[in-house]
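Below you'll find a set of structures to go through.
After this come two complexes, each holding chain A, first together with chain B and then together with chain C.
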Partner chain A sequence: MGERTRQALPSVLSVLLSLLVCWMLIAFSRDMDGMATATAAYLQMLWGGVGDWPRFLDGAPATVLTRPLGEAAMKAALLTLTGLSVAVAFKVGLFNIGAQGQMLLGALAAAVVGAHLALPGALHIPAALLAAALAGGAWAGIAGALKLYRGVHEVISTIMLNWVAVRLVDNWLVVGPLRGVAEAGASITGTAEIHPTATLPRLLGDMSRLNLGFVIAALAAVAVWAWLTRTRSGFETRAVGLGDEAARAAGIPVARRAGLAMALAGALAGLAGAVLVLGTEGRYPGTLGAPYGFDGIAIALIGNNHPLGVGAAALFFGVLRAGGTRMQLLDVHKSFPELIQGLALLFVAGRLIWLAALRRRSAPKPATAAPPAPAAQVPHA
Partner chain B sequence: MSLDIREGELLAVVGENGAGKSSLMNVLYGLYHPDSGEVSVGGKSVRLKSPRDAIALGIGMVHQHFMLVPTLTVAENVVLGREPTRRGLFDWERAVKEVAATCERFGFVLDPRARVDTLTVGSQQKVEIVKALHRGARVLILDEPTAVLTPQEADELARVMRGLVAQGRTVVLISHKLKEVLGVADRIAVMRRGRLVAEVRPSETSATALAALMVGESQRAVMSNAAATPEEKLASEALLEAVGFPAQGDNARPALRVGEKPPGDVLLEATGLQALGDNGRPALRVGEKPAGDLLLEATGLQALGDNGCPALRGVDLTVREGEIVGIAGVDGNGQRELAEVLTGLRSLTAGSGTLLGRPLKGLTPAEARARGVGHVPEDRLRRAVVKALSVEENIALGRHSGPPFAKGMWIDFAGRRERAQALLAAYDVRPPEPTLPLQALSGGNQQKVVVARELDARPRLLVVVQPTRGLDIGAVTQVHARLREARAQGTGVVLVSLDLEEVLALADRVYVLFEGRVTGQFTRPEYDERELGRRMLGAEQAHG
Partner chain C sequence: MLEILHRLLFATLDAAPALVFAALGAVLSERAGVVAVGVEGMMRVGAFCAAVAALVMPTPAAVGIGMLAGAALAAVHGFLCIRWRSDQVVSGIALNLVALAGGTFLLETHFGPNGTPPIQQLQPLHWPELASVPLLGALSGHAAPTYLALLLPLLLQGMLTRTPLGLRLRAVGDKPHAVATLGLSVPALRWGAVLGGGLLAGLGGAVLSTTVLDRFEQHTPAGLGFMALAAMVFGRWTPLGAFAAAAFFAFGNALRIGLASSAPGLLDVVPQGVLLALPYLLTLLVLTFQGQRNSTPASLGVPYEQESR
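Up next, the complex of A and B:
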């Protein structure tokens, strides 16, 4: 069993186990035909996420595939970006609970730049994305600075900043100074609509809502991975996360690495907000309820804090989330995908138990020269 | 492995690191469980499931690292776990009285009311001993008790041990300091790789012979001694018998090292050891060679310790090219802080100095590295390496910004691999596998990686702290040889060690630190261990 497989297996097994547990929960919550309903619900969820292949094969138009896939991809893109945000902070040894707040700030910045700046298409999108990244990064930077200069624990400060962000953005800016002007007497909630030049182009035209945001998220995952594994500064960042005192003794600027990683984490969460606003919402809506920032914590942990693992976990749960709504056709509540995600997170937390179980399975070979498995990366929380 | 411990004797158990001494004693104290074999006390076979059982049988242990609560008083520490109570509340006065009685009975001079963190290390050790005696220990196991003591305190401990034996208690002393063992023990058991290889009487052996036994050569020479013991065994009552269990390390692996050296090598090491024991000097003496350039000149260095109290209170220090400067002292007298100041890890509160041509003040770890300061820190896992990173990544740590470890902003994987493999081979790191996580290596091999990395950077000044703590003799010899090699190449070495023998064997000059001040300075030909020991306890003299 390769080292990579061993690192990934606990997550995969956790997800499978949570799928099984949820299936049983659906089955038990029915008076009759529980098992059949649960299986049917899972199938609906699958077709809702990866496309309705049976209907397509029966001759339905290709949109029965592209629509669900597009929905899944967009959810995956958002989960990837917030998951990366949490994972990058983890790598430097910080627990970023504040991706939600950073995402709100990023979304607002994108909405403002998108609506109030007039720029040609080639510049408008980058400008809006940059503004979102800077806003998210600055918001995370507050927590980073509090940590580095005042010793405030980042878990406390990022949680509190989440609430500050909700109050600041949703409860004041969006309903107050930045509220969109009602046109033709129609009252609107949220900020003004963004210019078409700032809208992320759809990749498949009218066939699905899949847009450039998915590409941005995928590129971000690969870029973060390459940065962490291939570059000097990425190496320093990992060293700081795994042994800050040794890193300090080695002459690595620990505070700068931690601060920059935290800012990058915020920038990634901010990008998630931008993708949401520029891609699907078209403005900052009255309230940005979707808790993708909090989901990012689960995605990062299920993805074992590996940038590509985060991408894989985000894709999987993007599919479940997109398909979850279709379970309602069978009277099964659409929150089950979230339950699966929550349970998977719970099981992944027992990573050491999984590893011990896997070791025992591969133990029969006497005196294996296998090195002791590296301990799970537990956040310094 | 079988061992008899007799009533009223002082038995010493000696052996290399990893020979199984501590494992054996942990079995006797109920911390480890034997895979096979049995322990019998007073002729009855017993099962020791936990230290509680051992204490009930009258076996007490004083660990190398004290198990005391620093903020509690002596009396509170001693009675901890079996506190006298009155109406359900802790009866402090009675505890003090009881402990005072125990101290008096065994002739210890200790104030039961004193807080443990105000005591010297030697006194803290006495508290540990009193604690065991207070619980009715008849057999007392002392694990490396003198490792942290000054020569004077060690002498005092020897008196204490003899006194206990005179009162009919049994003392088992685990040690690797052969001279001291020879002076105090009734009987010496030598362990090697989990086996008892010899039992000798001090009168019938010498430090040289014991060292040879420990590393495994010239067994025949001592066989005659070992043969004499069975008859003697009958003479006295076997109070405690541990029969026939293979002593195993805590990882349930025989205490065997990977990659043993061929016998020829080991013989060399044994001879080397003898030379160290006798304080044999290297051919070069500092007086005979021209003094090198001044690398470090510092006056009046002051710095705070981790607890915020002054740890350095005005230290003057010079280091030249091509010399090893030893910093001796009892643990916690500012040596660690001094090393941290020199490597930029701790800031100065006062004092000034020139380190490699530029001021010492405001030095950062990165700046220190850039000037050419190498550092082998004391706390390896915390400071020297990142254990979850691979061996090659650890070799790059600290030098990862330049060739051969990086090209521009990118990591140079090929160059790093090549350099790592070369160093692993040159320093005989086992297994020589650059991609393994560092924590998969043994402590000795981890230390070799650290030494390899620091010396590969060709430092002009190398600060090493406790470089051989926890290493076996083979690794110790290698580390010492590398330090001498660095000196021969012109590197100035600052060696901080709590092991006075190590300092005296390697250093050309020695500074003695006591409570953050230099209380003595010695140059090689005039080493006087007694005088050094007095200085380590704070005695100052006008000259020196």
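Up next, the complex of A and C:
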């Protein structure tokens, strides 16, 4: 078994096992025809994510394909960006639980720049994206600075920063100073509508909600991959993550690498917020409902903290989650894909169990003397 | 004035127990060296199972079911983190996500989006002899968990600081290898702490759905588990400290709600959102300026391997 396969296999098996467990959950929670219902629900989820191919082949217009695919792609874009955020921090040995808060700040910054600045089209989108990246990066930078200068563990500080962000943005700024006012003077929920010049253009016109955000997320994944594997600073970042003592001894500026990686993580999460606001919502809504920032943790770990693995995991769960809405036809709640995703993360957390099981299978004679245990890798060791 | 203070105290004593139990559970688990990020999830399953169990059995027994449910989730955490040395933060986050989505799924499948049907709440206990004393009178008229929440921190503090078991639990969070050289089992001690933490977190959740509310709602516990983590850190990982922090947060919340209804003008000066963010901001400040008195358990989050060192 190749090294790459061995790295990817636990994630793949975890996702499959999770799909199976959740299938049984539907099957056993129904009094009659449980198995048929569960299978039908999974099929609805699939058609809701990759497009309704049966209906298309029966002659339905192409929108039965492009609408679901567009939804899946946009969910995947958000999951990719927050997943990359968590993965980049992991690469330098930090656990970024704060992607949610960073995303909130990014979304707010994008909404403010999009609504309150008047810029020509070519500049407005980049300006809003930049503002979001800076806001997210600054929020993550607080956690980074606390870690580097005050020794505060980033898990605790990012959890606290998440809730500070939620409370300050959702319970104060968006309902108070930054609340939008509609035409007739009646107030609306959320911030003011962004200008058309700041709206991310749709790639397929009216056929789906697919917009430039998907391209941004894909480019980000490739760029992070290239940075980590092809540049000196990326290599140094990974070296710090694998062992900061050794990295320091090799002359790598450990603090600078850790700080920059954390800021980059925040910037990526901030971009997710921008894509959400500039692409689909059009403003910062009353509350930024979906916890894409927390999902990013699952996506990063299921993707094994590899930028392209993150992209793959995000595409897969983007499809499932876009299809989740169609499961409601069979009385399965639309959040069901989140359960699949959570269980998959739980199984991925048992990575060492998978590796031990795989080792036992591939070992020729388990009875021989102590097997040479390969250095088992904890996700962010 | 006294009347206002009485009302505030009463509201605090009603709202604080869930937070106190969850914070104590987190302290127990983390003092033994196992990260307790999954408290939110354990509270959620505790709240759900207690609310469902109370539909068919007396409420006090249902609270016990909620505790067991919290411990069951903690057992998964223990299996992954102690038996298999998985990353404790990852496991905790995964449990939170599973509890969040799984709770929604079960609720929607069996009861619909508006929560479980209402149940018989735990009955408040009245102390007539106390009720006439000013301020102390606020102690009367709460359900049993409130009194347990006042007693348990003392017991737990005594256990951790004054008994051999407490010493071992603390040692296993600081220097597990030293405990192992005494011939004691590190995994067994950590299992005990994790399961105990799960029982307490489950109790916290069960209290939410049996005294604060009378059902399980879609979003229960809505981040209270994370506030319990803040209380744990704010209280420097000690039971009494965590209790004080939890009580302080609950009092602040009661004050905020009181102000919102009695003096809305004041909330224009200090917006609600800022007040809501205050517990987390204060926790961050405490962490920032703790200086040399770092009280984090030394081996927190480090999987124990007999062979290492």
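Assorted remarks:
We adopt the following convention: the second predicted complex is superposed on the first by the 362 of 381 C-alpha atoms of A that agree within 3 Å, B and C clash if a C-alpha of one lies under 4 Å from a C-alpha of the other, contacts with A are read in each partner's own complex, and residues count from 1 in each chain.
In this section, a residue touches a chain if its C-beta (ideal position, glycine included) is under 8 Å from a C-beta of that chain, and two chains touch if they have at least 3 such contacts.
Keep in mind it's a predicted model, so treat the numbers as computed, not measured.
In the superposition on chain A, A:Leu123 makes contact with neither chain B nor chain C.
In the superposition on chain A, A:Leu16 contacts neither chain B nor chain C. By the touch criterion defined above, A:Leu242 reaches chain B but does not reach chain C. Touched residues of chain A, counted separately for chain B and chain C, are more numerous for C.
Look at A:Ala60: by the touch rule set out above, it reaches neither chain B nor chain C.
When both complexes are overlaid on chain A, the residue A:Phe336 reaches chain C alone and has no touch with chain B. Looking at chain A, you'll find no residue that touches chain B in one structure and chain C in the other. Taken in their complex, chain A has these residues touching chain C: 25, 29, 95, 97, 146, 150-153, 155-157, 159-164, 166-173, 175-176, 294, 297-298, 301, 331-333, 335-336, 338-339, 341-343, 345-346, 348-353, 378-380. Against chain B, in their complex, chain A makes its touches with residues 229-233, 235-236, 238-239, 242-243, 245-253, 371-372, 374-375, 377. Residue ranges on chain C touching chain A, taken from their complex, read 35, 37, 76, 80, 84-87, 89-91, 93-98, 100-102, 104-105, 108-110, 223, 226-227, 229-230, 233, 271-274, 276-277, 280-281, 283-284, 287-289, 294, 296, 301, 303. For chain B in complex with chain A, the touching residues are 343-345, 364-370, 375, 377, 382-389, 393, 396-398, 400-401, 406, 409-411, 436-437, 439-440.
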